[in-house]
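Once you scroll down, you'll see the structures, which are given as structure tokens.
Two complexes come next, and they have one chain in common, chain A, joined by chain B in the first and chain C in the second.
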Partner chain A sequence: MFLGSASVSFDEDIFIQGYASVVGKKEGEGPLGNLFGEVVTDPMFGGDSWEDAESQLQMKLVTAAIKDSGLKDSDIRYIFAGDLLGQLIATSFGVKNFNIPLFGLYGACSTMGEALSLGSVSLAAGCAEHVLCMTSSHFGGAEKTFRFPLDYGSQRKFSATWTVTGGGAVVLGTAGGFAKITGITTGRIVDYGYKDKENMGACMAPAAADTILRNLEDFNIAPDSYDRIITGDLGLIGQRILLDLLEEKGYSISNLHMDCGIEIFDGHTQDTHAGASGCGCSASVLCSLILKNIRDGIWKKVLFVPTGALFSPVSSNEGDSIPGIAHAVVIESECR
Partner chain B sequence: MFLGSASVSFDEDIFIQGYASVVGKKEGEGPLGNLFGEVVTDPMFGGDSWEDAESQLQMKLVTAAIKDSGLKDSDIRYIFAGDLLGQLIATSFGVKNFNIPLFGLYGACSTMGEALSLGSVSLAAGCAEHVLCMTSSHFGGAEKTFRFPLDYGSQRKFSATWTVTGGGAVVLGTAGGFAKITGITTGRIVDYGYKDKENMGACMAPAAADTILRNLEDFNIAPDSYDRIITGDLGLIGQRILLDLLEEKGYSISNLHMDCGIEIFDGHTQDTHAGASGCGCSASVLCSLILKNIRDGIWKKVLFVPTGALFSPVSSNEGDSIPGIAHAVVIESECR
Partner chain C sequence: MDDIKKNYDDYVKSVTPTTSLAKNMWHAFLIGGAICLFGQILITLFETIGTDEETAGAYEIILLVFLAVMLTGLGIYPKLAKYAGAGTLVPITGFANSVSSPAIEFQKEGQIFGVGCRIFSIAGPVILFGILSSWVLGLLYWIGSVI
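Let's look at the complex of A and B:
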């Protein structure tokens, strides 16, 4: 096992054995609409609150990902999962009926990177044969938690992003699959002191730059070692900041950078301003476009870097900044 | 490595290399007062909000635990940490200046068990030489988040517990120390449908029973293989339920059970009703009484089982139950 300053490359085989994505109506109407595993048009997902809706979404994800991997619930040793809501209630109520040991995670919108990292580590340690990594977000629940009740009809700045209703789940295992996780770079908190909660992309971009830079330097590779470097939910403004920050350090990634928050909606027709955000943004794009392209051999190696804004209404109202964090995962195709 | 249904025993050496506890004034006046590393009498810890106070507490913990282990900040590869506040802001602002890669965790008051488990797994995988595992809670921040503003002077039921202002941090490493983590049992969510937020002990006891039972059955051992089985913060009511539930399954642990939530305060003189709670309860008792007794060779082997009530004001106000989770860690003395 190679250990860089913040990176690990695994000697062990850590396979992606199955995955699932579930999204809401608006996401289904976007450019990636027909790539998602399931589009649910009922914003309540059959539940009776925004929070319950997101738990219902997680139940669908767990069930579909385990099915896709050809396993049964009892084959999954651990679930690594989290969400954006206080005390992770979408996850608590979403996974409780599966009776699978749970490691609850919070990395804001970087949670899919954190879950895949820790899932991989648990397999590398020999602690499990199969684990499930998952996260989600819900537009209604996120607006209620972080901004204003939907009924207020608040105006949104052009720098704001739209929280994805959706999520993704990945089953990792030691036994074989169409792709491997070959390395991780774990993020530290990066805080440029920025406080605008309607410009989360700017809050997260420095953390994304830090993690990408450490990945490239730890492994001593050029950006074009990857077919794509894919951030979570920086949006249009965050993307420009990321590209500028890396350019300053001598790395140009503009020709191979992709941001899930830019891909999932059509900003011109879907009124999503700077793009999309939410844990479910990078997770649902991973479990549709990204893993499909890897499964099809179109991309051989990508750096998947979910990005999180460590924003809380409490700390923000108290005048604190919004720090960022980003966790990177190296995913390589097994198609030769 | 042995794998039971929910348990792992490590072949690798996972040492406890250092630890620290920091608590508030009330905790310092309790029965364990002179065992804590630092007692801070200012409830604000020099900060300017309850949340900031808890971040200041975490900064003290990180600094003290790294010092106790004879290491420097840059030796710590990962921090595994979390707290009770929405979006883990005590942790985000508490650890950001250390520039150490962070895995943010949420397991309610079971977080110290979760952190020690994942820290151990990362060492067993060879991903790190030293990691720091930490959690905290603050009475003021918890009351504000979960109950009522302190200024309301709310009456508390006798079944309620008092959130500990305090926390603990442990440095784990591969290189040698006075104790080892030799196994873990990872909790699943257990929900008996109980909804009383002023009786968290009852909400958590079934999860504690489930995890302890799985530990004993996975390793095929009797309870008295341990010198103590130590739960996190069940309090007096939760303890009785735990003992009854295990008795029903044929296990009597009453002579070797200890609950951190019963130990840390004197209920008669400190008006803490059913006991103490909060992530910082089990973490601070671990990093004082428990590790001292292990360091001194008084206890050779304990099962440390922090217990979490997955309570959120949002889900609770929506009529949901309060599920529980408990993560167990086997700690063995290296003193022969």
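Let's look at the complex of A and C:
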């Protein structure tokens, strides 16, 4: 049933039945390295371009997630997936051989939240028995699309983030699983007029704060009813802004908050400046650290909030700001 | 309430760490100076083997550009640039890097639409406004000489 201004509380059972994460070498060398399903050291993933590499990554994700759920390809009714590249080419080439109906999504780095939300809604509506939700990003492809060629010599600001090469896929189903999605809060476009593309955390933090606030209001709960409130890729500066914005509204979540963009790399040794970003950042951390802790019963209930900076080189060059969006998903452990 | 939103740009500035201008300038001076010193050594070397000054300068430029393109292809130039900043951007080696790096990156998209269309995607503005500003200066020079 729908709640408040932007949330749904599911009366139906929506189970997480399987998941997979695949990341690149740098992510594998980070603090979460041994939690990922697969670490691929070849930056091309056996493909012949950055775009093809990301498609290969998605292929691996679909195969591994379906295997983890104990299902067959034909059991999956829909794939909800997207990526950062133009026209979602990583996804379209990545999933084409599976012959599973696809809903292609663009939510920038919030895509995993969008995919899980729409997947849950379609299950709750009785439109499917099993769906797969997935997203990915690739450092090389993202740099080429949004910044400079990889070999161009330039300096990054301290506020810049490092795009994760990696991704995550989750299989949702209506019967049996180790965790449940019990609610969602859908993000709206939040734009504080900020324009610096090298400070994406500042572009996204207001959206994260807005979605978290509305989640708490819509469900009429306090922040500490969650074991963790986990944002996607705000990084160090975005985290600070989020905490300040919520503090201003009278909520203190500093002891509950975790950001995937801060967790995935070691900023001191891996030279990632403000942290990590990319669709694959929140997706791969969800499908490693977060779901493992939920599966093990360490966390009973978390709010997973992937954050997206809706950056386009075109609108940015035309002088527009960079709006943000964040989609929240309530995940509860089935461990009693 | 909503103080952060009202002054968002200023607020973000106050929570974002800044780079040290002095440190950046020192790094740029060090590496940029070293590249120029190396260039001068090359010119002197060519001159000592009997090349005239103008030809020695041309040889030096060709060699520096070649080295910069090679270091770009090997992925060393961007690492150097991360440290040096303007020190690797301003000398002719920076121009070579800005032309060769898109050529490498977009080579997968073909010789015409990839390399051909994209090779000057970074250096293009430098070429355009370089020519434009020399034309304006030339015009001023001509006006000066007529008066």
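In the analysis below, the second predicted complex is superposed on the first by the 335 of 336 C-alpha atoms of A that agree within 3 Å, B and C clash if a C-alpha of one lies under 4 Å from a C-alpha of the other, contacts with A are read in each partner's own complex, and residues count from 1 in each chain.
What we mean here is this: a residue touches a chain if its C-beta (ideal position, glycine included) is under 8 Å from a C-beta of that chain, and two chains touch if they have at least 3 such contacts.
What you see is a predicted model, and the numbers here were worked out from it, not measured in a lab.
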Original post:
Just chain B (first), just chain C (second), both, or neither: which does A:2 touch?
Top reply: neither
Original post:
So, A:49: does it touch chain B (first), chain C (second), both, or neither?
Top reply: both
Original post:
Is A:248 touching the first partner chain B, the second partner chain C, both, or neither of them?
Top reply: second
Original post:
Which partner does A:157 contact after superposing on A: first (chain B), second (chain C), both, neither?
Top reply: second
**OP:** Considering only the touch criterion stated at the top, classify A:126 as touching first (chain B), second (chain C), both, or neither.
**Re:** first
Original post:
Following superposition on chain A, which residues of chain A contact chain B and also contact chain C?
Top reply: 49
**OP:** Could you please specify the touching residues of chain A with respect to chain C in the complex?
**Re:** 48-49, 144, 148-159, 192-194, 196, 199, 202, 206, 237, 240-241, 244-245, 248-249
Subject >> Residue numbers on chain C that touch chain A, as the complex places them >> reply: 1-5, 8-9, 11-12, 15-19, 72-73, 75, 77-78, 80-82, 85, 88-89, 94, 97-98, 100-102, 104-106, 108, 122
Original post:
Which bits of chain B are touching chain A when the two form their complex?
Top reply: 1, 3, 6, 8, 49, 51-52, 77-78, 82, 84-89, 92-93, 95-96, 99-108, 114, 117-118, 121-122, 124-128, 145, 186-189, 191, 310-315, 318, 320, 323, 325
